[in-house]
Amino acid sequence: MSKNIETFIGCDSDYRDARAVIFGAPFDSTTSYRPGTRFASRTMRMESFGLETYSLYQDKDMEEIAVFDGGDLELCFGDTPKALAQIEAFTREILADHKLPVMIGGEHLVTLGAVRAVVSQYPDLHVIHFDAHADLRDDYLGVTLSHASVMHRVWDLVGDHKIFQFGIRSGDRSEFLWGKDHVTTQKFNFNGLAEVVKPLQDKPVYFTLDLDVLDPSIFPGTGTPEAGGVGFLELLDAIQIVSKLNIVGCDLNELSPIYDQSGASTAVACKVLRELLLAIL
Amino acid sequence: MSKNIETFIGCDSDYRDARAVIFGAPFDSTTSYRPGTRFASRTMRMESFGLETYSLYQDKDMEEIAVFDGGDLELCFGDTPKALAQIEAFTREILADHKLPVMIGGEHLVTLGAVRAVVSQYPDLHVIHFDAHADLRDDYLGVTLSHASVMHRVWDLVGDHKIFQFGIRSGDRSEFLWGKDHVTTQKFNFNGLAEVVKPLQDKPVYFTLDLDVLDPSIFPGTGTPEAGGVGFLELLDAIQIVSKLNIVGCDLNELSPIYDQSGASTAVACKVLRELLLAIL
Amino acid sequence: MSKNIETFIGCDSDYRDARAVIFGAPFDSTTSYRPGTRFASRTMRMESFGLETYSLYQDKDMEEIAVFDGGDLELCFGDTPKALAQIEAFTREILADHKLPVMIGGEHLVTLGAVRAVVSQYPDLHVIHFDAHADLRDDYLGVTLSHASVMHRVWDLVGDHKIFQFGIRSGDRSEFLWGKDHVTTQKFNFNGLAEVVKPLQDKPVYFTLDLDVLDPSIFPGTGTPEAGGVGFLELLDAIQIVSKLNIVGCDLNELSPIYDQSGASTAVACKVLRELLLAIL
Amino acid sequence: MSKNIETFIGCDSDYRDARAVIFGAPFDSTTSYRPGTRFASRTMRMESFGLETYSLYQDKDMEEIAVFDGGDLELCFGDTPKALAQIEAFTREILADHKLPVMIGGEHLVTLGAVRAVVSQYPDLHVIHFDAHADLRDDYLGVTLSHASVMHRVWDLVGDHKIFQFGIRSGDRSEFLWGKDHVTTQKFNFNGLAEVVKPLQDKPVYFTLDLDVLDPSIFPGTGTPEAGGVGFLELLDAIQIVSKLNIVGCDLNELSPIYDQSGASTAVACKVLRELLLAIL
Amino acid sequence: MSKNIETFIGCDSDYRDARAVIFGAPFDSTTSYRPGTRFASRTMRMESFGLETYSLYQDKDMEEIAVFDGGDLELCFGDTPKALAQIEAFTREILADHKLPVMIGGEHLVTLGAVRAVVSQYPDLHVIHFDAHADLRDDYLGVTLSHASVMHRVWDLVGDHKIFQFGIRSGDRSEFLWGKDHVTTQKFNFNGLAEVVKPLQDKPVYFTLDLDVLDPSIFPGTGTPEAGGVGFLELLDAIQIVSKLNIVGCDLNELSPIYDQSGASTAVACKVLRELLLAIL
Amino acid sequence: MSKNIETFIGCDSDYRDARAVIFGAPFDSTTSYRPGTRFASRTMRMESFGLETYSLYQDKDMEEIAVFDGGDLELCFGDTPKALAQIEAFTREILADHKLPVMIGGEHLVTLGAVRAVVSQYPDLHVIHFDAHADLRDDYLGVTLSHASVMHRVWDLVGDHKIFQFGIRSGDRSEFLWGKDHVTTQKFNFNGLAEVVKPLQDKPVYFTLDLDVLDPSIFPGTGTPEAGGVGFLELLDAIQIVSKLNIVGCDLNELSPIYDQSGASTAVACKVLRELLLAIL
């Protein structure tokens, strides 16, 4: 008898055979409003068994692709640099084995750990960023390693005009002023996504998906719900477009199961992850 | 003083005068993921008093139609054939009295009990099926009397090309392959409904409405929420179309009050039932 | 050190400098179905810190307008005339100081207290009313000071053809029959709003916003959720139109935090209040 | 087929044969802190089916006693005198038929309606009062018909030294000062209950049981939980003692299902009601 | 990299080295009142990481004992005989390997599957049964394989005077009448446990622990909470006594995470399992 | 009109006149299991209005003592040293003004910030520590500034034999081994408290109260509930004993409102704070 193995549904590949590796980054120490995203990956893994492996949208099945589920990193709480270093190291390991890292946050700051690893291998990295919040502050209450400044930190790494934001509908005025010169921001929706991705066809792209880009009607289970978001089918369409790029790393984050009493947000997150994996692989 | 009578709002008719009989089938023993639909009928009855009897959509009032509320069947748990037999027997009784049976599930399998009764009286029965899930498996984990195979069991009774599914967005690939030859499946939405119902004008029709056809944004309180569903007003429109047919039996099912912390899903279910009764009668 | 001050986010003005005064009216004694709106104002104040002061929709910032937060009135429960008198008195005080009263309910009946004060100063008062429910009953279970008859009571004060309702989708048939001769009712949506407001350009207008005009998908946290409501962005657009009028008083009401387990409805209410203040001021 | 009848478990007697009549008084308009007790009676009725009719504590069965369940009064909200009058009228009717009224609140103020009826028939009425709160204020925020002053209002009717309170652990200092001269108050527990009831053997007694006398560990589902309360078995023992008296009316109140997420408080309330009925009858 | 392994905390032994094997039996199809125990084992596994491996009560550590966690059986829903057969088969396998089976329910009926396996190996099996409910009915609504009749079914296997029940405080009168001649029942508490176990010193004993023997104050998260139960420390003491016997199989059951909103009941269940394992091994 | 002031009930003193200053330290970045204590202070302030200012236990009233409520510190998340420095600075300010600091956590680590300030003024500081958890680890997952090592960090400041722990029932074995030589630990309860405090009569004492020392039956709303804790009245008694000492600083912490769905834990925390303030001042 072998020990009890738990994976996200359909992610049964051995590490060796896998093209992609999913893993959880259960960290939310810098969340300034409502914490709880640390529980996202384990809850998604558990609840994914309410989902089919087959997608009617894409007519593909998880059993036809090779994904390895590495479980959750054991991250410390309260020491952000240390936690980010753990994430970076694990992502490097996946990249070194020529596999696609697919991280489940956690708060959005975990993206920084993964991007550090990815950008070291792909210096010309571009970033597609779906989110309700701009996340462009230089610091939040004096803390520079903050969920609210994660895209500014990513910009530190990739530089001007490499970050493309969509769905943004909340932020400080100063963020948008700063952003104008450094990143491309599409407010409220995915308009223009098809055009934006055209020149990126031959670039390495990191795709970070803050699930709160979705409207709270379909995704209330997050720390900072922002009304006026995109719909589920709009998101699926946008993912299809992005998946045509050369994705070298990606993550989805900010599900907070504590605030998902009905379980519907977790089900949404699981379905998005399934569609994302099926689209990219 | 008479004993305490509890009915769904506006269903105050005596049995003799009633054209339709609503009753609850509180059974969810085969639910494989998240149970709780057994509480739907009693919760709807209790919460229906937050609803008006008058519908602004149809300019009709529940007080103008004659519906009898027979309460809930006392079904056993854990013996599926027995529970289905109880449902069938009660439905036969209603049909024998020339009234329309309107069942509130419970899990979707309860439909089988009612259809057994209806098909015995109307051998040329056709079935309109709104659902997120195809429910066409031949068995689930070896169990043939399962919520996941209920439409396959109904097909056993009515045969090929009598079942018309709408809104389907989840299932095993094999279900859809099998279905192609035996049932008509409209994926994702109600497109084509008006065309489908035309040739059914003079047929006896059973209408089964799995409420999870609705998007989880408006109906999170169900065992297996599936993002990407239809909207509430779309559903009302579709019900209007179906109600023009010769409906000889119907049910709505899969509300799970345990997962409806806000009560909004229960309110939706009550409103759908009101609109359904007003449309058909 | 000064005492602990709590305000709705960005409402930091001193009373003297303020153009608008927000205050809570925590009263829900006549709520006939599910109570709890008494907690709306304090919960919104507390949770508003998850919101930015800056609006990307209007490119305006709460820090650029002058709003004073007067906290919550200490209203009695169980003596409706007394509570309404307290609301009226406080509103008169604000008006006497030439400031705009912005009340957070509470159940919808609190509007009556505020309108009494406003109409005494502006006898030609017109009322814009967004709601799922007509609220036009003359009484509810014999009680004339009821949430279900608040707009009838307002009509007692302002007279025929001064009340303009939008988004209405629930009520007793008799309400609509009565309403036909006395008020203007737009069912289901905001169609015709732009036309309606044109002749009101030079009139004093009270704007009362029952948040359950929103669809329960985006606003489940209310006592009587009614499916089929307007979307969040539709509401923002409608608020923009109304805000061009000469608003001399306004309120938003019927958030019930008890039924907002995810907190998303409270976040919506906060965002609506921010947009309303930024639009009017 | 007869209409759907719902009763508290085991309360199946016809009115004519019944010795006791239970009924709900769903009113909480004066609740000053957290409302919701209006839902207690209907929730208890629904959830009582998780309870056995047989009591192992008393070796008695509900099926051996004759109790009629009259359902819930349809009380208005927002007009306290009117609601109390409805309660009084219904209680008078029960008393006129020589049956024992057993009321399920609602907030504690409903006791006043019942006591008004009972004292008119039994002028020498004594009152046994279990509660966490003294409820002896003359008014609360200027309202004399308030849950917080209900025992003062009862004292208006029965006079000095007729009220015996137990388990009291919360109140204003002034309540206790006033109480010293007018009522008998046992703080914190049931000590002295046996002695107190001795001289009451031949008196008519009204027994009012505010369930928040129980510790919140076993009864969290109430508007104002007060730690330091009595245990469940202590309460059963105290009920046994009280039940030996000549009880001419009784009630239990202050269950608030909204705050009973686990359902355990409702189960406790149901069990207390079963034990109370079995002990008295 | 190896696949993601999830075990109850401290149960890291390989199968070969293990003295005990824990496994989940996620089945609740016959639960007649409130379902949800199917989620107990996976939730306990996940939440056990809030627990220490070290017990201050026993001064022992999970890391010093060898327990293998076999995960959850994949049981069908809706076919009780089949599910019980799966449980029996798995238990037989564990026994064949000379290891102790420790099952986590599920509803109490799962005990029957395990006892069938154990009694076939130990014909003189005795059973210690902690529970709030007698579970001695011959059938429930005509179903003989029911949670409410599980101990009657166990009696079918072990015969008279082999079952010893403690903490029982609920049941039908007929159950207790029947029980008097066939089993030993200690009502309400653990009095007499020490005496009862003396003559069992050299007997094979199955220990079944329905967690609802605990008072709902400390364990509200169960389908049928029964006030008046034992305390947590009383249970630990009773477990110590039982653990001195020759335990050849055991289970704990009836945690229902759906009704454990605070998570405290799950934490209790985890702690009880830790103490049980440390005491027996 | 003055701005909206919110204080814990009865804490209305001006700063100048106050003998004690309460303030919130909303920080939980190092919480390793379930976060949420950051919301404790604001929730307690809001819910304290369900509490009376008068204590029947002590026959004292909050209106007779002078406490200033300084509100919540605005602490960063994700930078522990910075947050602790903010707490320390604020505590120093209070001490400099010869007032008693009374801090509301937050996770237990906030105690370190306060103790740093207090010990700098009272080098011979002794510490009374009520808790379920020993909190004596040197680090947790490599983080030395952790809730799990806070008492070890306090020991760094005060040295051997100055810390007295009560109610401890959980920890790593190594914590207790280390603790034996450095601190005094009373397992499970308050036995020996009276003896322990005798030699401390003339010493400056810091009192830190982790509310999870209470049993989860009465206090489920905390991150890591540990069954087997002390009762509410036991805690009140222990507070009475401690309050006779020369308390120069104190805190209570670890209420997590997210896990307190019924609100009863928050009510308990408020009552404990009231009793603590009345006892000490």
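Every chain is named by a letter (A, B, C, D, E and F) in the order it is written, and numbering of its residues begins at 1.
Going forward, a contact is a pair of C-beta atoms (placed from the backbone, for glycine too) under 8 Å apart; a residue touches a chain by one contact, two chains touch by 3 or more.
What you see is a predicted model; the values in this text were computed from it and never measured.
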Joint neighbours of chain F and chain C, given as chain labels: A, D
Reference interface C-F: repeating pair among A-B, A-E or E-F with over half of contacts shared: A-E
Comparison of B-D and A-F (more C-beta pairs in contact): A-F
Intercentroid distance (Cα basis), chain D paired with chain A, Å: 55
Gap in Å, rounded to a whole number, between the CA centres of chain E and chain B: 38
Rounded Å distance between chain A and chain C, as computed from the means of their C-alpha atoms: 38
Contacts with 2+ other chains: residues of chain F: 215, 217-218, 261
Arrangement of touching chains [line / ring / star / complete / other]: other
Interchain contacts, given as pairs of chains that touch: A-B, A-C, A-E, A-F, B-C, B-D, B-E, C-D, C-F, D-E, D-F, E-F
Residue numbers on chain A that touch chain C, as the complex places them: 33-34, 168-173, 176, 187-188, 215-218, 220-221, 223-228, 259-261, 265
Residues of chain A that touch chain F when the two form their complex: 28-32, 35-36, 38, 74-80, 82, 109, 140-143, 145-146, 258
For the chain A and chain B complex, residues of the former touching the latter: 49-52, 54, 56-57, 59, 61, 215, 217-218, 232-233, 236, 261-264, 267-268, 271
Residue ranges of chain A in contact with chain E within the complex: 1-7, 14-15, 21, 42, 45-46, 68-72
